[in-house]
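In the two assemblies presented below, subunit A is common to both, partnered first by subunit B and then by subunit C.
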Partner chain A sequence: MTEKQVVRPQKPWQSSPRERFNSGLVLLAGLLTSYVIVAITPMKGKLAYFSLFFLAFTIYDFTFHYFTRGMALAKDAIARAFVALGITLAVAPIISILATVFIRGYKGIHLSLFTKDMKLNSVSDPVNQGGLLHALTGTGILVLVALIISVPLGILTAIYMTEIKGRFVRPIKFLVQAMSGVPSIVAGLFILSAIVYPITKSYSGFVGALALSILMIPTIARTSEEVLLLIPNDLREAGVALGGTQWRTVAMVVVPAAKSGLVTAMILGIARIAGETAPVLLLTGGGDSVNGNPFSGPMGSLPFYIWKAYAVGTAESVTRAWAGILILLVIVLMLFISARVLSERRTSK
Partner chain B sequence: MTTQPLTSSLGEVAKNRFESKIASTQVQGIGLEARGIHAWFGDRMVLEDLSLDFWSGTVTALIGPSGCGKSTFIRTLNRMHEFIPGAAMAGQVLLNGQDVYAPGTDVTKIRLKIGMVFQKPNPFPSMTISENVLAGLKLAQLKVENKDDLLEECLERAGLWTEVKDRLGAYGGSLSGGQQQRLCIARSLAVRPEVLLMDEPCSSLDPGSTLKIEETISHLSSTMTIIIVTHNMQQAARVSDYTAFFLSEGGPGKMVEVGPTGEIFSRPKDKRTENYVTGRFG
Partner chain C sequence: MSQTVISPASVGGPTKREITTQPRVSDRVFAGIVTSGALSSLVILGLIFFFLTFQGFSVLRTQGFRFITGSNWQVVQDAAGNFDPKATQFGIGAMLIGTVLSALIAIVVAVPISILSALFLNFFAPPFLKKIMVAVVDLMAAFPSILFGLWGFFILMPSAEYWAKLLHHFLGFIPLFQVDPPIYTRSPFIAGLVLAIMVIPIVTSVAREVFSQTPPDRIQAAYALGATRWSMIRAVVLPYGRSGVIGGAMLGLGRAMGETVAVYTVLNVVYQVNWHVLLGAGGNVASMILLKFGEAGPEEIKALMAAGLILFVLTLAVNSLADLIVRRSGGKGR
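So, the complex of A and B:
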């Protein structure tokens, strides 16, 4: 028996070192051209570098591919360059925002942010005095109350649209979609004129949460609807064929099967409202001390704290505002990531 | 396979089965009667004037090419037909002499008495094996004395007990396709139906699982009425006492012929039945 030849895995479709060297040359030529043009013409600044580089690189890449590979691949190169431009323009502002928030915000982060409120301090005091506790608990309570109101309403709306499929599905679907575009200030003004002025006559966390619910319900309803539509009809038929009523089938078979998706819908709803500012400014009354009662007294919140601190305009207060923004951003990002993880676990199952 | 023509061999299989069955069980009377069933989807009539009796303790196979209305027919029997938007029907389905479509009938009670096993195995994904079997009790809010006994009995009757008795807490989705289908059968049995409708229960299964399910059907058939839709003629010959041949010739589906399975496969009265069971079309 002869010795068996070992076959190693290869990837013949990948570009060779020589090809990679060539595309590096094209990139370098583009950079050089943009540098030279900026040096010898009156065009100046980052934007000039960027647009000249893009133009030069696209032309060089096209020419290079045209002479080495022919017209079809040269066109392919142009398309690729524009796609790269597109994602750069889309992603650059996001990266820039994240970087700015982090660079400006981290200076204001300290441990007592999470243990103290601003009862005894003003936003212009040195940054290490006072804290965010009132804003964090306030946002927490607002979110919780809004959740208690919105989750049942949102999921029941979704169940009406996917399970009952009544006569009003189309108008309701249209309304829910339109509602998810309602500007938050409109929700705030609505609660102000419909509830605060005629009925409660005072600001509180609860009325703020009502306005936030107006924004949250459409998000939860739409996401839940999509999740429930993914549940195969076989399961509904199996439940009914076993002698279940429609309600029991929905409650015992359909909703449990969609559980993780519905949790995702909830998280997306929270992320939608956690940073909402306008209704909170109009309705909660701010407040600098921890208030655990949503039904009376002013209630602080992160967006309110940021708005208040930034408006004062001293170096300390602005740093405080950025720290608040950083914390809010981290909370919202964590919510999105957990929603993502949950929905991935659902699809992989 | 034998060198004999297909008809006679299938007829032989079915005849032997029928005779041993008659000897071992007592036919108890008509359990389910379909009277003049018509069915529509929108304006299109898919089933025309179909009358058929199902005797207690027998297995009836419904055969025929795709699109001839077999599935629609069995779905009219336990009132699942009405779930399809645009569906309509006419006629009567008598269960122990009571029309299941009579006004004021509690449709959930009907479906408790007429259970159904679907083409694709559909265990409830959020439930364990034992929860799946007992799901019908919770769905229909029935009380039983001893759930463990019922669980074992149903899994036993569905031929699944020995395979899953050590992992009743595992999720239903962790079983193989054939096991899932037997789990669905066990689930249907737990509410003690009088009639079991099976809509191509083996069409997505491998031959080994198919054989197991056929054994299950044979076990069950002495105690209940079973109606099975199948595209597999060997299967119809192996498991059924009666066979009904459905056909749609362009228009709505109709029943061409019904009779003891042995006769349908060896001496069909209608030329079209003969062509179908000998594999000349369909």
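So, the complex of A and C:
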């Protein structure tokens, strides 16, 4: 048997083991320096470690590159250090937030959270009493009503911009962008001034959902527009060439082809409003018992529950607030991941 | 021999279709429905403006320009307990300054971090890391604001207080960083930091988008001329993406100015003009509305509507400007 000669692919752009060893050495030197400086000077704490390590590492890396490769690469090394600092500072809060919510919220989680409401309990009661069934059903109803209102409007807007392409494409794009910047409290005030004071004169889940759909429409419209733009023109032309009218082409070819993307748009819309607090505080009244009717009576919701528990400020209520946030975060995470998975599948096809 | 033309219709076949460029009825109905649906954004924005003006008009008229410049919020009742429009003062000047101040702090902190992160994601990160980090940053944009508020209050506040003391200790000679009396909790600085964390994902994704549109031929040309990664970025990417990044920063500014709940939890809303960013007293129009709404009488509600109108116009202006700048981005570069 002859020995087969295996040709191993060469990657000349990759750093050699020697280079990797050297950069490891620089890293180690930076760590050591920061440790020594913290030990012998009055500077203490995580902030000192972090900033000293960054400074020392940058200086060492700079000098190392300056003497081995020259000024241009030394500058490049500084840029690399700063860029790494930037992404660290951007990502550090999210890790802290996730860790905090899971550690603090975990204590308040128990099974009856999902089977009981707060009808008979106050938020300062021991944590294992009562639950947030009313908040979960309330948020579900709010989201559902908001979806019913904003999905048609959002998708029609997107279809207008990609299929009809009429005179108003640019202004509408502009307006949708402007609408996505409307502060949530302004949406709440608007529904108060336009519907609650003149017409209904009472708080209910429905008016809350109206305010939420103002925030939801732009998200759905923009995401759907992006999705519809990805549909190849061949499909539209094929539809028309087969004798379909534009209406039939859009309804039977374009929209079905973009189905998973449109679902993604809806999911992102839900994620946008599920935790929206200000309009819910202004409009829904926030009841403590399960209320299945969006048109009458106060309606509880997760953000309202969290807010109320936080505002009371006792140890039990704050634990409840964190538990509520944990559940809200898990919902948002699940929505986000499913949107990702859906859009991944779409792009890989 | 005469030839008889047998039309399909005469023997019961399909009639000859009239060929026209006129759209069918179904298409016209379809276009009408879609267009009216698309105009909903115009209608909603118009209605917001109309109703807030409608409710707040009486307050705006009696208060006049004082509503924006004044810093008093006093509801005065006459002897009989009736509302006295003459003596009552509604002014949101202090809150407007506070809004701008905390939003500016947020932008000053967030924009450098966002630009660096966007550069990292586009030009430095290995592919697997890029994928994870992009997902993480996008996820952060989807977090509800109440989460940032609680996290800011319980976790960030103790650290930020310490940072504020350091700033005061080393930079206290600058008037901006003076603190008197020494109250460091719930200051505009901390509110600005929380807002910065909320704004970073927005600015980062805009910057990433803009940077990724840099023409690849210019990038390759820079490399071919012997540029390092950093000199390529400085010569090609940054000049190309400058206006887009400015637009992204303004989008973040608009978002930071309208934020309610997160600011409310970490900021001590006090009715005074405060330029000292480290001092624990500040304001924000949105959180002021939330604060006053609970115990507001009917006239005060009208004033709050007027405040909402101002906030709406302000954020709309900032957002529109940002949108225009982003849309026109893609500058020349070298």
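Just a few scattered comments:
To be clear about the criterion, the second predicted complex is superposed on the first by the 315 of 349 C-alpha atoms of A that agree within 3 Å, B and C clash if a C-alpha of one lies under 4 Å from a C-alpha of the other, contacts with A are read in each partner's own complex, and residues count from 1 in each chain.
Basically, a residue touches a chain if its C-beta (ideal position, glycine included) is under 8 Å from a C-beta of that chain, and two chains touch if they have at least 3 such contacts.
Predicted model, so just to flag it, every value in this text is computed and none were measured.
When the shared chain is aligned, no partner comes close enough to touch A:109: not subunit B, not subunit C. Of the two partner chains placed around the shared chain by superposition, subunit C is the only one that A:72 touches, whereas subunit B remains out of contact. Contacts of A:189 after superposition: subunit C is touched, whereas subunit B is not reached. Legend: residue contacts after superposition of the two complexes on their common chain; A:245 is shown touching both subunit B and subunit C. Contacts of A:29 after superposition: neither subunit B nor subunit C is touched.
Contact comparison for subunit A: of subunit B and subunit C, C touches the greater number of residues. Residues 245, 248 of subunit A touch subunit B in one complex and subunit C in the other. Residue ranges of subunit C in contact with subunit A, taken from their complex: 23-24, 26-27, 29-31, 33-42, 44-45, 47-48, 51-52, 54-55, 112-117, 119-121, 124-125, 133, 135-140, 142-148, 150-151, 154-156, 159, 162-163, 197, 200-201, 204, 228-231, 233, 251, 254-255, 257-261, 265, 286, 289-290, 293, 301, 304-305, 308, 311-312, 315-316, 318-320, 323.
Put simply, subunit A touches subunit B in their complex at residues 232, 234-235, 237-245, 248-249, 252-253, 256-257, 259, 349. Subunit A meets subunit C in the complex at residues 47, 72-73, 75-76, 78-80, 82-87, 89-91, 93-94, 96-97, 100-101, 104, 152-153, 156-157, 159-161, 163-164, 166, 168, 171-172, 174-187, 189-190, 192-194, 197, 214, 217-218, 221, 245-248, 250, 268, 271-272, 274-278, 281-282, 303, 306-307, 310, 321-322, 325, 328-329, 332-333, 335-336, 340.
Residues 78, 80, 83, 108-109, 111-112, 115-116, 118, 120, 122, 124-127, 135-136, 138-141, 173, 184, 187-188, 191 of subunit B are the ones that touch subunit A when the two sit in their complex.
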